[in-house]
Each structure stands twice: as C-alpha cells, then as structure tokens.
Amino acid sequence: DCGETLNYRLKWLFNTSVVGDLYAQDFGFFQRAGLTVNVKAGGPERDAIRELELGHATFGVASADQVIRARAKGAPVVVIAQLFQVNPLQWIYRGVKPAINTPSDLKGRILGVTFGGNDETIMRTLMARASLTEKDVTLFSVRYDYTPFYQDRVDIWPCYRNAQGIMLADKLGQAGEAVRFFNPADHGITFVANSVVTSAKTLERNPEMVQAFAKALISGWEASLMPENRDKALAVLRKYNRDTPEELRQKQLDATRPLVLPESGARVGTIDLKGWKQTETIMLEQGLISKPVHVEKALFPGGKPL
Amino acid sequence: MGLTCQHLEYRYPRSEEWVFRDLSFCLDRPGFHSLFGPSGVGKTSLARVIAGEINGFSGTLDRGEINTVLYTYNQERLPGWAPIERHLDRITPEGREDLREHLIEIFGLVPVMGQTFSQLSLGQQNRINLLRYLLQDFQLMIMDESLANVDERSKETILLEIKELFPDRYFLYISHNLIEVARFCDRILLFRGIGKSPQSLTFTGLDTRKTNQPGRDALDAVLLEIMNAG
Amino acid sequence: MGLTCQHLEYRYPRSEEWVFRDLSFCLDRPGFHSLFGPSGVGKTSLARVIAGEINGFSGTLDRGEINTVLYTYNQERLPGWAPIERHLDRITPEGREDLREHLIEIFGLVPVMGQTFSQLSLGQQNRINLLRYLLQDFQLMIMDESLANVDERSKETILLEIKELFPDRYFLYISHNLIEVARFCDRILLFRGIGKSPQSLTFTGLDTRKTNQPGRDALDAVLLEIMNAG
Amino acid sequence: MLGRRILQFFLIFALGLFGLMGVKYGLGLSDYVIPGPGEIITTSRAVAHDYFFDTLNTLMVAVIGQAISIFMAFFVGITARKSTWAGTLIKAAAYNIQAYPIVAVAPIIFILLGDGFTSRLLIAAMICYFPLLLSVIGIMAEPVTDMEHFYIATGRMRWQLEVKIRAFENIGKLTTVIAGSSTLAMAGTIVAEFIAANQGIGHSIRIALYQSDLSRILTALFLIGLFLSIYQEILEGVGKRLTSGWILPKGVESEDL
Amino acid sequence: MLGRRILQFFLIFALGLFGLMGVKYGLGLSDYVIPGPGEIITTSRAVAHDYFFDTLNTLMVAVIGQAISIFMAFFVGITARKSTWAGTLIKAAAYNIQAYPIVAVAPIIFILLGDGFTSRLLIAAMICYFPLLLSVIGIMAEPVTDMEHFYIATGRMRWQLEVKIRAFENIGKLTTVIAGSSTLAMAGTIVAEFIAANQGIGHSIRIALYQSDLSRILTALFLIGLFLSIYQEILEGVGKRLTSGWILPKGVESEDL
C-alpha cells in the first residue's frame, strides 16, 4: 500500500517551526523512501491525535501534554520522534523592565498566560517552584491579539521563541525598544513540546512504513537545518509562508536551529525520556490528569529515534 | 331539506357583545336567496358560521342536503405572480373550461385577462373573484358583498346569468341594495339585529330571471313590506 | 371657479391601454357631485389624478379655488393598536370635537367606539374611515366608494347630514348606485370610457337635502336621462 | 408550555448525544476523540456548578446585548429605510461592517474600548443585531398604503408614526425575529467571551478546547441550550401577551388564540 | 448605480481609516499598535495581488454557501412554520444548534466531515442561514387570509402554494433579507476559513493576526468590503428585476419604479 497518500497533520500553520516537515516533502525525502506524504497545516481547532484515530491522518504532530491527555483517555497514540529538544514556548518582556533571573522575580508582575494552554501549566509550575500563589502575581488572559502587550498592559507575554518571538522583537525593535526572553527550561522546567505521533495500530501493522517515514522525516529536518542548505530551507519557507518578510524568516530559521539541534549533539528527533516523565509529573501536579499514565509506554522503544 | 338554524348564539372571543342570540331561520329550497340587514348586524358573522369558518357558536345548524358550502367575500385577492388568465386556468376543474369562457364573457372580463390582479379596478377584482368560485363544486354559495363594487348594469347581467346557469343550487347573497335584493332574490332573510324579536324574518322576493321580469308594482310591494319590517 | 380638466390623458406605467384620453369636464360650483360610470372605466384613476396621487398624465388640470383635495377610498384601514375612539381623538383638529361627536352619532358608530378597527364589520369600517376624513380641512373631498358597504338607510342619513354640514365644499362621490347618485348629487359626471366621444357627460341630479326631498317622477326623469346616455 | 420547550430541548440534546455515541462505538473511537458516557457524567458533575454560573453570567450579558442590538437594529433600520443617499449610505456602512469577521475587527475594538465588559457587550450586540436589522429594514421600507394614506393625505405623517404603523402591521414577523435573535445574542456573547473575556461560558469553552476536553464542551452546550430554551420561552410568552393584547385578528385565527 | 455603492464603500472605508489614524495620533500610539499610513500603503501594495485572489476565492465559496443557506432556511422554515409538535421541535432544534458557538461545534464537525471543502461550506452556511431562517419562519407562519381563503375553501391548498403565496406577499422583505444575507455568507465563509481552511482571505487574516499585522488586516477588510459591495449590487439588481417583472404595485409606488 505504498501508493496510498499518507496525511501528515501538523500542529500549527505553516511557519518556521515546521521547516523540516516541509523540506522533507519538497525535496523528495518521502518520495525516496517510497512514500507519498501530504503535509497538512494545523491550527488550534485541529487535533492530530483525533485525526489519527478517525483515519483522516496517518501521522501527526502533537504536543506532549496532548499526548499524555490522550493516553489518559485511552487513545492508542505513540510517539515516534520528538521534534523540539528545547521547548520554544518562552515569555518575552521589554528590556527596560527589571530582568527575570529566577522565578521569584515574577512576583508582583502581570503575567500573560493562555488559560487552558500549556503555557498556563508551565507558568503555574514555575510559580509553585518559587512558592508564589495567585495573589502574588496578576494572571492576564492571553488571546491571539497582542495589543495588551503592545500597549504595555502586561509585563511578560508567552510566545514561540523562534516564531512570534522574533516578530515581536522586531516590531518593538523598530520602535527602539529592546526585549528579553524568559525561558522556563533555564529554571529546571522541562516540558516537552511538539512530537511526531502515529497510532499504535499503524505502528503494529506497518512498522516498516513507520520506520521509513520517521527516517525520511528526520533526514529532512537534519538537512533543512544544515547551514549549507539555508537558502533551500528559506526557499521552502518562502513558498509556504509567503506572508512573513524574508528578513524575519531568516532570523526565525536561525532561531529554530538550536531548539531542534541541541548543543549536546543529540540526533534530531531524539526522545527525551526524562523530559517526558517530568512533563507527566507536572501535569499530575497540576491536576490535568488524575492518575499516572506511564507515558514512557507511549514512546518509541528506548527513546531512540527510529 | 335545505339549511336550518335554530337558536344560534355567537359572540367573538373576548368580546362581551352577542352578535346574535336565539337566531332561527330556514332556507327551504334551492334558489337565489338573500341575507339582508343593516351594517354591523352580523351578516358576515352568520355567513362564516354557516360556512364552517367560525366555530364556537351554540345552537343547532343543520345543513341538510347541502354538503359543500363556499363563502366568498369582496376583499379576497388573487396572487400577483401571474395574469388572472393563468390563475383561472389553473383552478378550473376539468370539463368546465367552456363554463369559464362563458362566464368571463358575461362578466365583461375579456379585456383584462392578461393583467395581474393588482392592476384591476375594484369592480374587476370583485368579478374575477366571484367568477373563480362559481367554477368550483358547491351546493351553497354565500356571496358576501361580492358584487358591491360592480356597476348595476354588469351586476344585473351577472346575476341573471348565475341564476340561469345554476338553477338547482343554493345562493345566499349579501348586499346592501334593497331594490336589487328584492328584484333578484327568492327568499330574503331579513336580519334585524339582537335587539329585536324575532331576530330574523323571511320574505319572498321577485326572483327575477331572464325569462321572468316582474313589473314595478310588484317590486314596490316587496320593498314596502321589507322596509316596514326592518 | 371650481375644477376644470382639459384633454386629460393617462395610462399606467408599462400598460399599453389608455385609461382616458382627451377627457374634459368642469365642476363649476361647490356641492355634492358624483363621478359615475361602469366598473373599470377609470373613476378611481381620475380621482387619484385630481387628488395629485397620480402624476405623469398629460392635459391640463386646473383646481381653481380648490386648495385642499382629500381622496378617500373604501379599503383604507386604521391602525390596530388602539380603539378607534382613541384614533379619532388624536386626529381631530382643535375645535372640531363637537363635530366629531355629532358625526359619530349620525354615522351610528357610538356602540363600536371602544373596538379596534379589525373588530368592525365592513360597513362600520367604511363609516369610521369616512368620518375621520370629514374632520379634516378640505375643499374637495373625493369619496371613492366610501360608503359602498353601508346599508342604504345609514347611507341616506349620512349623506343628508354631510350636505347640511358642508354646504360650501366640493364633494365628488363615486358610487355604483344610480338611484342614490341621481337623488343626492348635484352635478353627475358620467364617465363613459375611452371608446365613446365625448368621454364624459355632465348631468344635474336632484341634489336632495333634508329640506328638499324631490318626488319620484323627478327621480325617474334623471335616471332615464342618464341611462340613455350611458 | 414551559415543559414542552424544555422537553423538546432534552429530546434534541439526547438525540445529538446518542448520535455521537453511535459514532463513537460504531467506529470504536477512544474516550479522547469522543468521551464515553461515564466520563461525560463524571466531568459534567465536576464542572456543573461552575459552568452553571458561567452560563448564567453569559445569559445576563446576552440579555443586555440583545436589548442593545434591538435598539441598534431599529435605530439603523429606521434611519436607513429610505432610499435616499444618506439612507443607502448608512445601509452600506452597516452591511460592510458586518461582513468583517469579528475576530479581525476585535483588535481594533480592544484598542478603542479595552477588553472589559464593554467590548464583550459590543461584540455580542454586533453579532446579534444584523439579522434583526435586515428584518427591520425589510419591514420599514415597505409602505402599508391602506393605513398610511390618511396620514399622508392629511399631512400628519411623521417618521415615528410611519415606523409604528409598519412595525405594528408586521408585529408577528418582528416578534419571531426578536425572539429568535436571543439565540444570536447568546451565540454572540459566547463568541465575544471566546475572544475577549475572562469569564462566562465562552471563556470556559475556550479552555476546554485548549485541553481537548469534549466532555466539558458537551456540558457547556447542554447548559447553553437549557438556559436559552428557558429564555426564549419567556420571551415568546411576553411577545404573545403583548401582541394578543393589541391584535384580535379578524378571521379564522381569532378562534385558536 | 454600481458607481454609487462603490463610492459609498470608499467613503465609509476612508472614514474608518481616518478615525483609526485619529486614534493613533490622538493617543500617540506607536506603529506596532496601529500602523501609520506609510506602512499601510507599503504593506497593501505588497499583498494586494495575493489578497485579491484570496478574496475572490472566499467570495466564490460565499456565493455557494449563501445558495445552500437560502435552501436550508427555506427548508427548515417551511417545515417549522406550523405550531405543531413536529414544527416546534424542528424550530427548537434549529434554534438550539444556532446558540452553540461555531468554534465549539467545529471540532465535532471536523470529526464527522473531515476538513475539506465540505466543512468550510457547512460552517459558512450555518452562520449565514439562521437570520434567513428567522425571517422565513416569521413570514411563513403568518397567513395571508385574503389570498389563501379561496384555496382553503376549495380544498386546493397545498403547502407549496401556501409557501408561494406567503413568499410572494412578502417578496420585498425576502429580497432585502436575502440580499443582506450575502454579508453573512461572506462573514461566515471567512470564519470558516479562519478555523478550517488553508486558503481564502479568512486564512490570510488568521496569519496576519498571528503576525499581529494590522496593515494586512486593513487591506483584507478593504478587499472584503469592495467585493461584497459589488456582489450585493449585483444581487439587488437581480432582485429588483425579478420582482419588478412580477409586481406592479397599485398605488403611488408604481410611479417611481
């Protein structure tokens, strides 16, 4: 059934965070593996795990909290690769504000969080670590609209470091304002971000195909982030993300590289077992799941990329 | 037997006034009869009771041999999406095409067949409306001021023709023109209103037909009789 | 001088038939006049031309000393949100309250004052509508079948009263009842339709008033004259 | 009467739920895709109390929003009813603004009004008023000649009277549209909360969506439907009492009032 | 005529833009809150071409969506016009479903229909049809006694005829609502694209929103308004031609047709 088109549902719209996925598609990585893959954009109303189950997609991208929640509800989802080694979800704040060096520096500030989103989970965990309660800070409900941050009504604002982070920094930079980022990982919070998932059934029935897919995808990602392929990668982004100015795309691509290719030199796609376990622990602490799901069972054996 | 009403009583919902009370009358034979009486006395209400459009009255209403009652009034309208010709065509029961053409001729409506209803004068509207009812099956036709806005000459032609064409049907003609009623109608049901007893009286009119045109004295006699009673 | 029309021509937009062509007539003095003619001949159209509701005619229309023309027709309705009493109250010009009460009395409408318009019988509706127009300022009132659905006795009372109350105004009474027209009207404008020449003829009726009730022979003479001309 | 509407709502909701369960068990889907009955019950028990008050909160805003939108619809509809230049300009403005997706206009609203109660109300009213406006314009633009003739002929016609006559002639249509627009007020408020507010059931739905929690969403939908049924019941009752006091139609209808 | 509507649109849009600039310079807001005229011009030049075709794409879907929603509105409205149990049940169902925010129902729609063209169309139609439905129910529930009497009395009344009579009697109101609903079809399609599609101007707006690019959003709003003006102009023209062929009202109106 290699002739069949495999749908690969991303988590988000086409942007720099999915450069490897698009690169693999456009430069024939899947084709060479004998697969026909259709990479589809995601969005907040999209849920790749649901689509896997319904057969609308064969592979997808989901965040770790989605995977854990789905496992908690019996969805047979398995993780075959972890795309981000560092969670790109960070907080941006204006350079003129006092720096946030430890979580306890959050005290007394107005913090943007997306209620229900995983930034809320992360922020609450940080607060818990710093023994801050909701009385010590002001939580501000974040929407898609950045106006409250622009108007300086909120001190720190959650964003993807490599996407909106670049854009926000650029906009404020044009107005002569410098920015800084607050990265939870720097304070011991590892909360895994996007991973590639498929259903247990697919893995069981067609392990070779899954393997071929994972290999092709990871090769695509590796290639897309190689400095010598920068222009090709940018060309792909230009094609799918025509709306971002070229200059920003370059900055975004450069910011994506360290998030996917960690300094430790681990291979692209490596599943960070410890990170997953901590993610589960955090979710348990925060009451997002009621009992342990043993997420390691959902990770491809040994945490090694296929 | 024809139509018999006994001790009819009715008042409109949420109204305190009785329209009629203890109203009894009888239409004993087919023919062109009249329901006559001053404005507001309850003719329309009674007509709609007989036609089954008003319920909630008390007393007995026995339609006898009459199965099909049609009630038509002068404010009815035809839909405007087609010329009246097409409307008439669609509502003509099979086999009555000739009757239809004949009536259109007699009613003087040939020149307006291609117009839509709202383009007609009031009298033309009246005539079209009556015409389409006459094409239907009926045993009793109640004409509530159906020709009120038609000139007398046309009215005379129309009435005489109806009487010739439908000699065995019942008609109940509501009109405010006493001379007309006295001349053309057979039974004249004079409706006198709630204050008087009996509430209705029945007279016999001249029942003029094409073949029988009574003289002026006969007319005067009937007129006098009715006027004295009203 | 009163109302003069010369060579009036009119056809409805997008219609090919002329309603009237080369129509000329003159109403030379105040009084209760009539516009008479068969159904569909163009009475309503002419009335609306005179009232200024239809434009786009050609020919000359000279209203002379008449500044205010009111046109009223028998299908008008009063809004239903209040009893007619309240409506009448609101549209009575200052100082005419007595006139209003008097007319209500004469028109036989006292018992229905508390009802809303849709709760009235057709003839009651007719009367209310005419009544409110009579309370307004006017020099010429065109009554287009305004009393068509009212019984003859009420009609007579009403017409005689109107003539007494407004002796110096112009009225143009449109009705299909020739006897009525001949009896009550002064000038009778017979409208004969596009086919005939001249299209209109003017007769003089009996102009019956409370104080002057002509006999039957006079009536017969007028009737005959008009019928021969029609 | 109250019973009937709520009964109908229960029926419809139950049907929807059964359909969903049919899909779930028919396709053998996990609780993540479509939650099972057990989970739905547990979740709804857990959140019922909070959601109840959230929905109540939303309903309150919706009621005010509806009142505003009725006002707006009549205001714009009456001003725009004539085919004059000014009338068509207002109409064009109203139509154009409506075509803009609220999410796109919302940032501008927030800039101007902040993201508090006012914005929420304005967004709700803007979503709700337009359908009302269409009906109001349709009704207000059409003369009721037989009724208006007298007032025009005697120089008594004022715009208030014209509006009153036309509204009254079409009171049945207006009450249908107004009662129905409560639905839109509710939906509008929820959307407003979804994009702007920190409270209300729209806010709760947003959180549940982020957490992919269909059981919560179903609970929210249940409460929304229930509250709306009750509200509409009340509205229609009031409408009926208002109009039946006014009109006693001549004809067959009068019998079965 | 065509000129007038577009002229009006330009006027309105210019007014809005001036208002926005007024706010910007009045409050001294920086370019990232509200972009300045220079940036707006540069951006709109840059995206005009793409956005033009996006909007065209959206308009196409909106036209189809509107057709579907007219069909749906008449279907539901006609079935629900009687106050029978079945009629009120359908009405209750229609109303309840409408109260649910589309964003909350969207996941369920995606589960059932996938994320293709169908979902986009369905969402667009669902947003557009309800206001139509309200008008259709209002109109269909009200007897036109003087016209229907004959058909009822002679046993000729069929539901098709009843619907035809009532629709025809209210043709002016219906055309107003239908022409106006094009606005809602457009808004509905944009919302559908916003949450479901990967093309169309709704999709572009979504991207612009994530990039917080108000200049692009303004460009998109301009194009949406422009296309809609043209579409409505056409619709109203067709409506006028259709109805004027049918009705020649007796009365003053006939003069100024």
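Letters A, B, C, D and E mark the chains in the order given here, with residues in each chain numbered from 1 onward.
As a convention for this text, a contact is a pair of C-beta atoms (placed from the backbone, for glycine too) under 8 Å apart; a residue touches a chain by one contact, two chains touch by 3 or more.
Just so it is clear, the model here is predicted, and its values are computed rather than measured.
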item	value
Separation of chain C from chain A in steps, with touching chains one step apart	2
Chains in simultaneous contact with chain B and chain D	C, E
Of A-D and B-E, pair with higher C-beta contact tally	A-D
Interchain centroid distance [CA atoms averaged], chain A/chain E, Å	37
Distance from the mean Cα position of chain E to that of chain C, given in whole angstrom	49
Length of the line joining the C-alpha centres of chain C and chain D, rounded to whole Å	50
Euclidean distance of C-alpha centroids - chain D vs chain E, Å	16
For chain D, residues contacting two or more additional chains	33, 103, 107, 111, 206, 209, 248, 252
In chain C, residues with contacts to at least two other chains	12, 75, 119
Sequence positions of chain A contacting 2 or more other chains	44-45, 47, 50, 54, 144-145, 147, 151
Of chain B, residues touching chain C in the complex	12, 15, 17, 37-44, 74-75, 108, 111-112, 119-124, 126-127, 145, 148-155, 176-179, 230
Residue ranges of chain D touching chain A (in the complex, touch as defined)	27, 29-33, 35, 39, 103, 106-107, 110-111, 115, 195-198, 203, 206-212
Residues on chain A engaged by chain E in the complex (per definition of touch)	13, 40-41, 43-47, 50, 54, 56, 144-147, 150-151, 164, 167-168, 171-172, 174-175, 242-244
Complex contacts: residues of chain D adjacent to chain C	146-147, 149-150, 153-154, 156, 164-165, 168, 246-250
Touching residues on chain D, where the partner in the complex is chain E	4-5, 8-9, 11-13, 20, 23, 33-34, 88-89, 92-93, 95-96, 98-105, 107-108, 111-112, 130-131, 133-135, 137-139, 141-143, 145, 170, 172-174, 176-177, 180-181, 183-184, 186-187, 190-191, 194, 202, 205-206, 209, 214, 217, 220-221, 224-225, 228-229, 232, 251-253
